[in-house]
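Shared between the two complexes below is subunit A, which pairs with subunit B and subunit C, respectively.
On to the complex of A and B.
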């Protein structure tokens, strides 16, 4: 079973005509992408012409030549530059740190923040994750202020996010006044009640779909009406059924954003994460994008890895950031996260944008490498990419992505 | 795949399957089953014995899971080897230079008073937070 697409009768290619690229059939179109995330959406006859070789007089030439798809007019210097910028050679360190505050005491919180600030990188995001703010409020209060001070002292931009199921209006006000973005954990089921407010006022939402989640456009209107700036939808379960339901819901949700997004303030965090185009931009990518810290002070390769002893890297009390490359788990997750090491990913048109975090593979398929053909996480990300890329010839979609500062030109 | 006395048995031809692939398949089953392997010049014979008594459907599922992982491992190794010149060029310098941590704050190093003031500031914050508990 393959999730890749193929031609019933493969087109004939003239050697030396087309530059290296991957293709994917999307309906009656052929999407082509190169190593660096440049793309073009062609009709099947156009694709056949492209493979057979085109000259400067062909109307495809001005479309494909600047994007580096023509072997005879390939800009090797630009390709080398783009390759360096997008590969791990330009990686500066994990930018996102998930602090799982439930069960964390103040001394542990202090040591955790100090560990986070020992990590390099031009900017740091600390996501404070907890269930009910009342249960951990002194720790939330301390971390928000300590991290702000550490950011000022180290002269690095620090983004703070507090993700919870519930918090009081006073707590939300305190966080707002300290520049902490609030993110509410939601469960979406059925249709939205437009009059029903979320648990607290937040800019972001992490919304897990229930089995009966319906009317994605109405949910998008609900998020917009309650002032959310971005949403990350999550599947009800990571299996075939969950992936199919998610794909349908996400497609409707993104469709609403394409139609109304120019006048709305809502953004889709999946789209932003995938189109970042770098492994270390993909949310939750073990070590490269994220580290996580639990209440007992253990460091994990990501939030998804928390509680998995094999993906525990050490304790914030004794572990040093510079020790990470010597740990077996580090080498294993970095090798497993690289699409060039995965049979399906290395041939996939979405390779420049997408990868499944090894901790997700391990949790749901038992091994860091996972099995891409039957991976629901892969199906979900591929479905999202299909939805985005097949919409790229739509000016409304391009305008929306431009508004979100995503460069897809 | 054949079901024999509560186990699932099959034969895998060489060179498509190697011992590493079989080990990967066995690892995927973990403590749910024992895997016995015999070897001839041309093939491996494999017997998977579940840890607890299993229905024919579950036995076939165990065998399928083993085969999926074994084949996936073999193919992945081919891909890894084929792409090695590219991935090594990225991974080797990444691990060779290590993960340098942020150096100590030069201001704190040069001005001990700055370090002391900051430590007091944090101590006050901690005391306030403890007062809330």
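On to the complex of A and C.
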């Protein structure tokens, strides 16, 4: 069976019965989603009936009609509003900016922050990425202060995140007192040692799975015990093996969150990113969600694209935000990132939630468009979505998502 | 009512539909070849099913877009799958592709209308869904002289911060008196 899944005995679709939707077989059920993220889980006979056409007397009618799945009772105005809200027509600009501070000097930092604030958008997130805080502390210090002031001057909410492998307690204190969220880069291998503290106190973690990473539930407990608020798990490698290992680990991790999440403060950044339901909510989505800046002041389409000359957009000293649409790289990544333009994604039930950043395709498959059927990044995101959708019949899962302000009803 | 029924147009008697011959793949030890009638199967479903095989097979398409297309499937990893299994999977996907394309074709006018309406909302021809969406963008900022002075001050503060840092580094603390909880944890872990 292909990634999209297929029926043993396919049903027949009668014109005028079903409104636009995609389907996916999940076990013995059929998941249907519309283009704007509304969904329903049907049995196979129910799905056959739905495609053949149902009337108001059918028990499926009250389930499917309010969710906009019936062609005969379709709310065109509401659908147009949702299309506007969720499509690129509502995009305001990249909200996330990764500043790769290693090798950046103060003048470069100043120009970079100024470029970031030339980008439109209702709010800005600056992620300061560095390895060891000692090596770049003056730049971190300056960016934290300057970005805060620029936010006040432009009257825009600014969120600052400092992501590092190590920093001293003084440095962590400084960042905390300046409202900077701290994120620690971790490598997970084997089982956690509950008594072992992370390198520094942080609210967020980016945790790359090692080949031997085991006991996801115990790791979730470890994150919870050390006061983390959210975690983004990363696969050990972007190949078939890495994707399978990631899917197993993530499933266990999310399972723990479903069981204990209501009482715990820990959140899964993958789930939040995907269920945001907009291309510009997907972490690392080139230009739409993120721009990245390296130590030499070069601007890239995303952090994943950093050091790729083909995805360099220019220099913070000379580039203007309004020039971006005219650059060939911009057109190329935006076209390649849209699920409607990808043969597999355009038919996928997770199309309203998911897309693989073109820079990830380029890095791992050699081209911006990638080959979705063999893409490990696609398998990973599909696996996460399968896990979430399979759990939506569980009230605990719905309560957890509700707590995270995700509306999946 | 009765007469109405009588006058209603009678459906023309259809000659028994010719069922398309089941696609019989030609299978060898290296590959599977399927010849498909484009009119029966549809061009898009054939392309769609071929694309979906790309993770397991090398796919070669040849023939006439308006007539018959031959699909040749060769396993990428002969140990993982066989040409026969590939052919079966292709046919299964092809059948589901026909359903997907039928749903898509049936709804093409709906999707076009919705996209058009959404563009009209974006253009302001139709009112936006909420006031928040219509909120004006923050104006591009021009720095005042005061703000420029503050940046200069900030930079001089960074310089003094660097000085303090360097001074701190030079004060020895062999017993780790100044070490915080996190540093002590790290030392204990190392031990």
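Throughout what follows, the second predicted complex is superposed on the first by the 407 of 409 C-alpha atoms of A that agree within 3 Å, B and C clash if a C-alpha of one lies under 4 Å from a C-alpha of the other, contacts with A are read in each partner's own complex, and residues count from 1 in each chain.
Following the convention adopted for this analysis, a contact is a pair of C-beta atoms (placed from the backbone, for glycine too) under 8 Å apart; a residue touches a chain by one contact, two chains touch by 3 or more.
Worth saying up front: this structure is predicted, and the values here are computed from it rather than measured.
Asks: Check subunit A with both subunit B and subunit C modelled on it and let me know: fit or clash.
Replies: Overlaying the two complexes on subunit A (C-alpha atoms) leaves subunit C and subunit B clashing.
Asks: Based on the superposed arrangement, let me know which partner A:110 touches: subunit B (first), subunit C (second), both, or neither?
Replies: Both partners.
Asks: Looking at the overlay, does A:154 come into contact with subunit B only (first), subunit C only (second), both, or neither?
Replies: A:154 sits against subunit B and subunit C alike.
Asks: Contacts for A:168 in the overlay, against subunit B (first) and subunit C (second): which applies, first, second, both or neither?
Replies: Only subunit C is touched by A:168; subunit B is not.
Asks: Which of the two partners, first being subunit B and second being subunit C, lies in contact with A:18: first, second, both, or neither?
Replies: second
Asks: Just to be sure I read the superposition right, which of the two partners does A:196 touch: subunit B = first, subunit C = second, or both, or neither?
Replies: In the superposition, A:196 contacts subunit C only.
Asks: Using the touch definition from the top, say if A:6 reaches subunit B (first), subunit C (second), both or neither.
Replies: In the superposed model, A:6 contacts subunit C only, not subunit B.
Asks: Which partner does A:338 contact after superposing on A: first (subunit B), second (subunit C), both, neither?
Replies: In the superposition, A:338 touches subunit B alone.
Asks: Where does A:374 make contact in the superposed view: on subunit B (first), on subunit C (second), on both, or on neither?
Replies: Touch partners of A:374: subunit B and subunit C.
Asks: As a test of reading the superposition: which chain, subunit B or subunit C, is in touch with more residues of subunit A?
Replies: Greater contact footprint in residues on subunit A: C.
Asks: Using the superposition on chain A described above, determine whether A:89 touches subunit B (first), subunit C (second), both, or neither.
Replies: In the superposed model, A:89 contacts both subunit B and subunit C.
Asks: Which segment, 63-71, 99-107, 117-125 or 153-161, is the subunit C region that clashes with subunit B in the superposed model?
Replies: 153-161
Asks: Quick check on my understanding: which residues of subunit A belong to both its subunit B contact set and its subunit C contact set?
Replies: 87, 89, 106, 110, 117-118, 120, 137-138, 141-142, 145-146, 149, 153-154, 343, 371, 374
Asks: What residues on subunit C touch subunit A, complex-wise?
Replies: Per the touch definition, subunit C meets subunit A at residues 47-48, 51-55, 89, 92-93, 95-96, 98-100, 102-104, 106-107, 110-111, 113-115, 117-122, 126, 128-129, 133, 135, 137-138, 140-141, 143, 147, 150-151, 154-155, 157-158, 161-162, 165, 180-183, 185-186, 189.
Asks: Touching subunit C in the complex: which residues of subunit A?
Replies: By the definition above, subunit A touches subunit C via 1-8, 10-23, 35, 51, 71, 74, 76-77, 79-81, 83-85, 87, 89-90, 92, 106, 110, 117-118, 120, 122, 137-138, 141-142, 145-146, 149-150, 153-156, 168-170, 172, 196-197, 199-201, 343-344, 347, 371, 373-374.
Asks: Along subunit B, where are the residues that touch subunit A in the complex?
Replies: 24, 27-28, 30, 68-69, 72-73, 75-76, 78-80, 83, 86-87, 90-91, 93-95, 98-102, 105, 107, 118, 121-122, 125-126, 129-130, 132-133
Asks: Under the definition above, what is the set of subunit A residues touching subunit B in their complex?
Replies: 87-89, 91, 93, 106, 110, 117-120, 137-139, 141-142, 145-146, 149, 153-154, 320-322, 324-325, 331, 334-335, 338, 340-343, 346, 366-367, 369, 371, 374
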